[in-house]
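The same chain A turns up in both complexes below, where it pairs with chain B and then with chain C.
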Partner chain A sequence: MNDVKCECGHVNPHGTVLCEACGKELMIGTITDQLIDMRYEGSARRSQTYNKTIIDKIWNFFSSVKVGVWLIIITLVASSLGTILPQEMYIDLPADVYYEQEYGWFGKLYYQLGFNNLYGSWWYLILIAMIGISLVICSLDRVVPLYKALKAQRVTRHEGFLKRQRVFGVNDVVSESDLTVIKKQLKERHYHIREENGDVLAEKGRFSRWGPYVNHVGLIIFLFGGMLRFIPGMYVNEDLWVREGETAIVPETDGQFYLHNNKFILEHYDKNKDKTFEKAINKAGEVVKNYQSNVVLYKRVGQNLPGEKPNLKKIKDYKVRVNLPLQYEGYSVFQASFRNELNKMSFALTNKQTNISNGELTIDLRDPQMKYDLGKGYSVEILNYFPDFEFAKNGEPTTKSRIPNNPAFVFRMVTPDKPKGETSFVAIKQTIEPFGDNRYKMTFKGIETTNVSGFIVRKDSTLWAIILGGIIFMIGVIQGAYWNHRRIWIQNKNGQVWIAAHTNKNWYGLKREIEGVLADTKLSVPIDQAQIEENEKGGV
Partner chain B sequence: MKKRRLVIRSIILLLLGSAVVYSLYANLTRDTKQKVAIGSEAPDFALVDMQGNKHQLSDYRGQGVFLNFWGTWCPPCKKEMPYINNQYHQYKDKGVQVLTVDIQESELAVNQFADRLKLDFPIMIDTDKEVMNTYGIDPLPATFLIDKNGKVVKYYTGELTEDKIREFMEKIKP
Partner chain C sequence: MAAISSNLLFISFILYLVATLFFGGSIKDKKTGNEKEGTNRWGKIAVLLTIVGFISQLGYFITRWIAAGHAPVSNMFEFTTFFGMALVGAFIVIYFIYRTTLLGLFTMPVAILVIAYASMFPKDITPLIPALQSYWLHIHVTTAAIGEAILAISFAAGLIYLVKAIDQTKSSKQTFWLEMVMFALVAVLGFVAVSSIFSGMGYHEKFNWIDKHKNEAVVEYTMPAISGPHEGDLLTKGGFSPLFEVPAFINAKKLNTVIWSLMAGLVIYGLIRLILRKRIAAALKPIVKNIKLDFVDEISYRSVLIGFPVFTLGALIFAMIWAQMAWSRFWGWDPKEVWALITWLFYAAFLHLRLSKGWHGEKSAWLAVIGFVIIMFNLVAVNLVIAGLHSYAGS
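Coming up: the complex of A and B.
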């Protein structure tokens, strides 16, 4: 395939529609009485031309705007499918149970189609990736030839090019002084003026043409930022629960950091103190004023094996409150949640008949002792402990988990009058005496709870890319939206003076501008040929 | 000219393609990725058992290690424990050590569980879930087989039968 030499002498790449230099039509066979399609300056989009190798075929596929639009439509439809039912990360039950149980056959189908984790699925990622590829290739394939064509354009244009511009007019006689006025007027309107053999090309706002491509660069950086999240260590978003008085390893820090929770504080608005809000508080009931955890951040010193006690160095005290995270070395610890857990249970060993207590004991539900000696010959042993009690299918008492949600005990109560001990099973609001009537019982005295602070540990090293991408995106939008690329040709043809004009948008503005430029001259204002065509069609 | 174009296009497509492949790979392996891969060295840890003896994994170099993670509240754990105990006695003189790690439970619960099932292999409590996190364990029970060179031979989750345990022991017998 050869390059095409135009009669003006300029050599154009194969596939060029309009000569880059003079604008003469190079593709023969297009209907001549219509306006020229000025998109991409009639430059050769290479993709449309070379179609030999597999690489070219792939390139051409992604170079098509039609393909790009379809990719976006498909992605939009797919994204909306993911919003019909909750995604897997927001449900409590296992996915294979949840969807069918909650939504019947539709839920089952939804799960079987893999929509339960749609946004993390391979095909969804491929769709997004294809949009990214389409963006890169579409842009490259257009911006390069467009840049070359705009750079190669000459002042003097081919007759056919001028005649078939949308805004076009002919004047028979033009005085030198009128031309001077026009040039002056154009300069005042910030046009850049080039002259060649008495022909004039006035141009402004060419950089507006790069807007969409700048915009695409921003989008690609944005997508790249999204991709960075997949690199280990770039993005951390983990839950961390720390009980009051305990120290926990901060996840995803390689065991570098430990967080100690001194106290969790929950404050409500007090209608007696905040008189302003009295009505609102009466209406809404309890309104939380503050969620706060007083924490200490520690750093590990030296090496220790998992399971060994680490050497910790205190880094700082901090009061973590909502939106006021503890920040250190790129990590942020947010106050996100809290819960109340059973911590201790107290019982009294009482004689059933006399109701006299023979001593009390408090059981730490996380670390119960085997035996509690109450003195004077009274003691209580824990024979069996079920932190999260339930009856198993075979009727045996068992525990569902290690968390003391519903503690139950099998006690042996040793007393001076029953030295062998009596056995009693005690759960919340439930006492069973497996070996008949006991003389003593464990009387429930009270519970103590402890607060557990829920934190979110977050680190995002990808934000700079997202922000940069966003800024460049906006620059591109502004560049393309608030400026127009306008060109006005004033040229000598056949002893007449032809005026033609083109803009990439806002034709009305361009026409107004030309009217202003020509106002103080005898030249007639060029007409909008597209509008005439419209009118003719409408008139019939 | 044409050749250069092909080269440029190939390079751009290759760059874009590799970015996509990497993202896909990283995303799909993120959740399922075993923290401790088969064939890699088992991460060292040190825990103290119920009798107060310290067990450091690397001290068992030269022996196979049957490393089991469990909880007293987990029914399959309860079922497989006696089998593990039987096989522990069969293989302890043949160079296979059994180490079991309970996840974050009270000493009382663990001791009573061990007494009831008459377990006499070393039992350790991972109070801070540190070892559990290092090994990336999710469902219990979970078993790691570690050979005499300290390499992970197998990772198994779910209930074990006695035959399976014997088969595992044979696998790591030095």
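Coming up: the complex of A and C.
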């Protein structure tokens, strides 16, 4: 492909619409409107120039803003679909049960379409990826030629270029003193002024043209940060439950860190103390004021040998509260939830007829003893223990988990008058005596509970990219939105002085500025040719 | 302190109403509503009243903050009121850039409706649940609201554009949808009217009903039940019996409120039409006759340009920082988050269409209207209909 040499002497790359230097129309007949399309300065964009190979076609597809906007709209609509029903991560039941049970046929359909996990679905990720590709290609397709064109622009412009600017005006006579005033005024308004043979180009805010590209770079870094999460080890997200008084290994830390939970605290607002909130509390019932776990973080010292108690070094005491996570070496421990768990159960060994207690025992549900000696020949053995009792399908008692949600015991009660012992199966609210009528029973006396703090342990090594991307995006978007690229040309043509002006946005501001610049001169203010067109069309 | 606070809010509300009248006066009086002439006396009074009202509302905000010990942006009433205040603030800023009182005539009624709507929600000072106890509450919520308010100015400007540009002599798709926008605004007024009337009457009726898990529950209506709850059993003697019953998964009480609001909206709208004898948009046309189309188009576009970065910062970036601290993840696809993303994507598409596809003028004005609809959807529907982590805001 051949470069194009303009009559002004500047050599333009193939595909250029307006000469980079003087703005003369190079592709005759491509512009039919009365005003020049100034987007991208009429520079040679790859996508507008080549369309032969498959790479050209892919490039052209993704470089189109139309395609980009469609991708945004499709993503927008798809995202909204995911908010119709709760997403899978916010529900308590298994998804295949939940949606149909809660929302009937619609819920079932929603689940079958995979909308229960819409934002993690392959097609949603592909949409995001396509937006990413579009961002890169759109930006490259425009920023390089735009940069070159703005760099190559000359002060003196072609007549056709000036005439067909949106803001344009002609003056027959201009005194030298007026020109001086204008230049002074422009300088006061922070214009950068270049002169060539008495022609003037005043320009400011060119850097705002790079705003869109800078913010696109930010977005790409942000999306890249999102992708990093898929690399193992970059992102840790684990639940950790620790009972009061217990120490647990912090997961995914190679057994390096241990967390001891001293106490879990749940506070409610007190309407007598917080008078301001009295009405609201009366309406709402109880309002939680604080979820807090007082913890100690330990680090293991030396190697951990199996079976050996680890040697722990205290690192710090911390009160983990919502909004105030414990942070250490890249790990964060968040207060996420809590539950109340059965801890101890007390029974009395009672003679059924006399109802006389022959001694009491308290069973630690996490660590029950084999045998409890009550003295005077009375004792109780635990033959079997089901912390989370249920009947299996074959009718045998079994346990669902090791958490004592529903403890059940098989006791053997040994007494002086029944030295061989009587067997009794005891669960909450039920007692079975498998070998006939017993003389003794285990009377339920009470329970003790303990609090279990629910933590989320998180390490996110992708945050730096997210933060960097966010910052760059904000810089770019502000750069592009809050500044304008303005150019004013004052040039001698045919013995007249022509004034033309262009801005990438905020024409009102530009016109006001020109009025100010020309205020103390005899020059007439150039007119807005777009408004004339509008008037002619009868739009006003 | 709380009493001073609500009085200040009331004063600002009245001032906004009066200011709107003066904005109206400033248009009638003036020959051309354009760039070059200064504002006339009516307009100056209107702007002054607006500013005094804004300061009074700022006083409400500060005194309530002192009374509550936290920024009053933590429930539906407080947030929506703040949004109304931000809208007035955004208008004041844009006014001093473009100096057109016509924008005030369109923005102030919207702000008044927003504040009136807000005051239909419980006004008690609520304590903060643990997740909200963070200085990010102030930073994130206020910035997001200010961003949305600036974007809403583009809606007001877009509305002016459409009222002026659309040919009202024959009915078309454009006249229909523009009139729908007008009706929607009237329907908000309808909601405010019925809510105030029934709460003024102290209306209450109770139902026993069966929820979707087949449990018995009690629901209390504050408006006569047109739509009754599933297998509802009216407990209040002399209460209004429902005209129809809805399935258990639909919230009958909220639906009832919607029905009443629409009915009231239709009645008010009907009355307006009866008086005007033409479409509301057609009746507004003479008011906008002096403004130039490309001038309002630019105001609309500028508002998006100014509001978009603020919205991004408040509703996405600050939101992410806080979510990372409170919920341990910066993004969790909570409905409110998703709708903030949708709003952001929409305005991103708006900017691209405008910059690259040349969607100026009427197309751009419609987009500004749709953008405002999305913002309102996020404020109203997502809080009240789609429950999520942000649902505390819906109480």
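Miscellaneous remarks
Here, the second predicted complex is superposed on the first by the 487 of 540 C-alpha atoms of A that agree within 3 Å, B and C clash if a C-alpha of one lies under 4 Å from a C-alpha of the other, contacts with A are read in each partner's own complex, and residues count from 1 in each chain.
Simple rule for what comes next: contacts are C-beta pairs under 8 Å (C-beta built on N, C-alpha and C of every residue); 3 or more make two chains touch, one makes a residue touch a chain.
As the structure is a prediction and not an experimental result, all values here were calculated from the model.
When both complexes are overlaid on chain A, the residue A:437 reaches neither chain B nor chain C. Within the superposed three-chain model, A:231 lies in touch with chain B and out of touch with chain C [touch as defined at top]. Contact with chain C, but none with chain B, is seen for A:334 once the two complexes are overlaid on the shared chain.
In the superposition on chain A, contact is made by A:255 with chain B only, not with chain C.
Contact with chain B, but none with chain C, is seen for A:136 once the two complexes are overlaid on the shared chain.
For chain A, the partner touching the most residues, choosing from chain B and chain C, is C. Legend: residue contacts after superposition of the two complexes on their common chain; A:176 is shown touching neither chain B nor chain C. With the contact threshold set out at the top, not one residue of chain A is in contact with chain B in one structure and with chain C in the other. Of all the residues in chain C, the ones that touch chain A in their complex are 2, 35, 67-69, 98, 122, 124-127, 129-131, 133-134, 165, 212, 249, 292-295, 298, 301-302, 305-306, 308-309, 312-313, 317, 320, 324-330, 332-335, 338-339, 341-342, 345-346, 348-349, 352-353, 355-357, 382, 386-388, 395. Put simply, chain A touches chain B in their complex at residues 46, 50, 53, 55-56, 58-59, 120, 122, 125-126, 129, 132-133, 136-137, 140, 224, 227, 230-232, 248-249, 251, 255, 305-308, 366-370, 382-385, 387-388, 392, 398-402.
Across the complex, chain C is touched by residues 39, 65-66, 68-69, 72-73, 75-76, 79-80, 82-84, 86-87, 89-90, 102-104, 119, 212, 237, 269, 274, 276-277, 279-281, 283-284, 287-291, 321-325, 332, 334, 336, 456, 458, 463, 466, 470, 473-474, 477-478, 481-482, 505-508, 512, 528, 530-531, 534, 539-540 of chain A.
Interface of chain B with chain A (complex): residues 2, 5-6, 9-10, 12-13, 16, 19-20, 22-24, 26-28, 30, 43-47, 56, 71-73, 75, 103-109, 111-112, 124, 126, 128, 130-131, 133-134.
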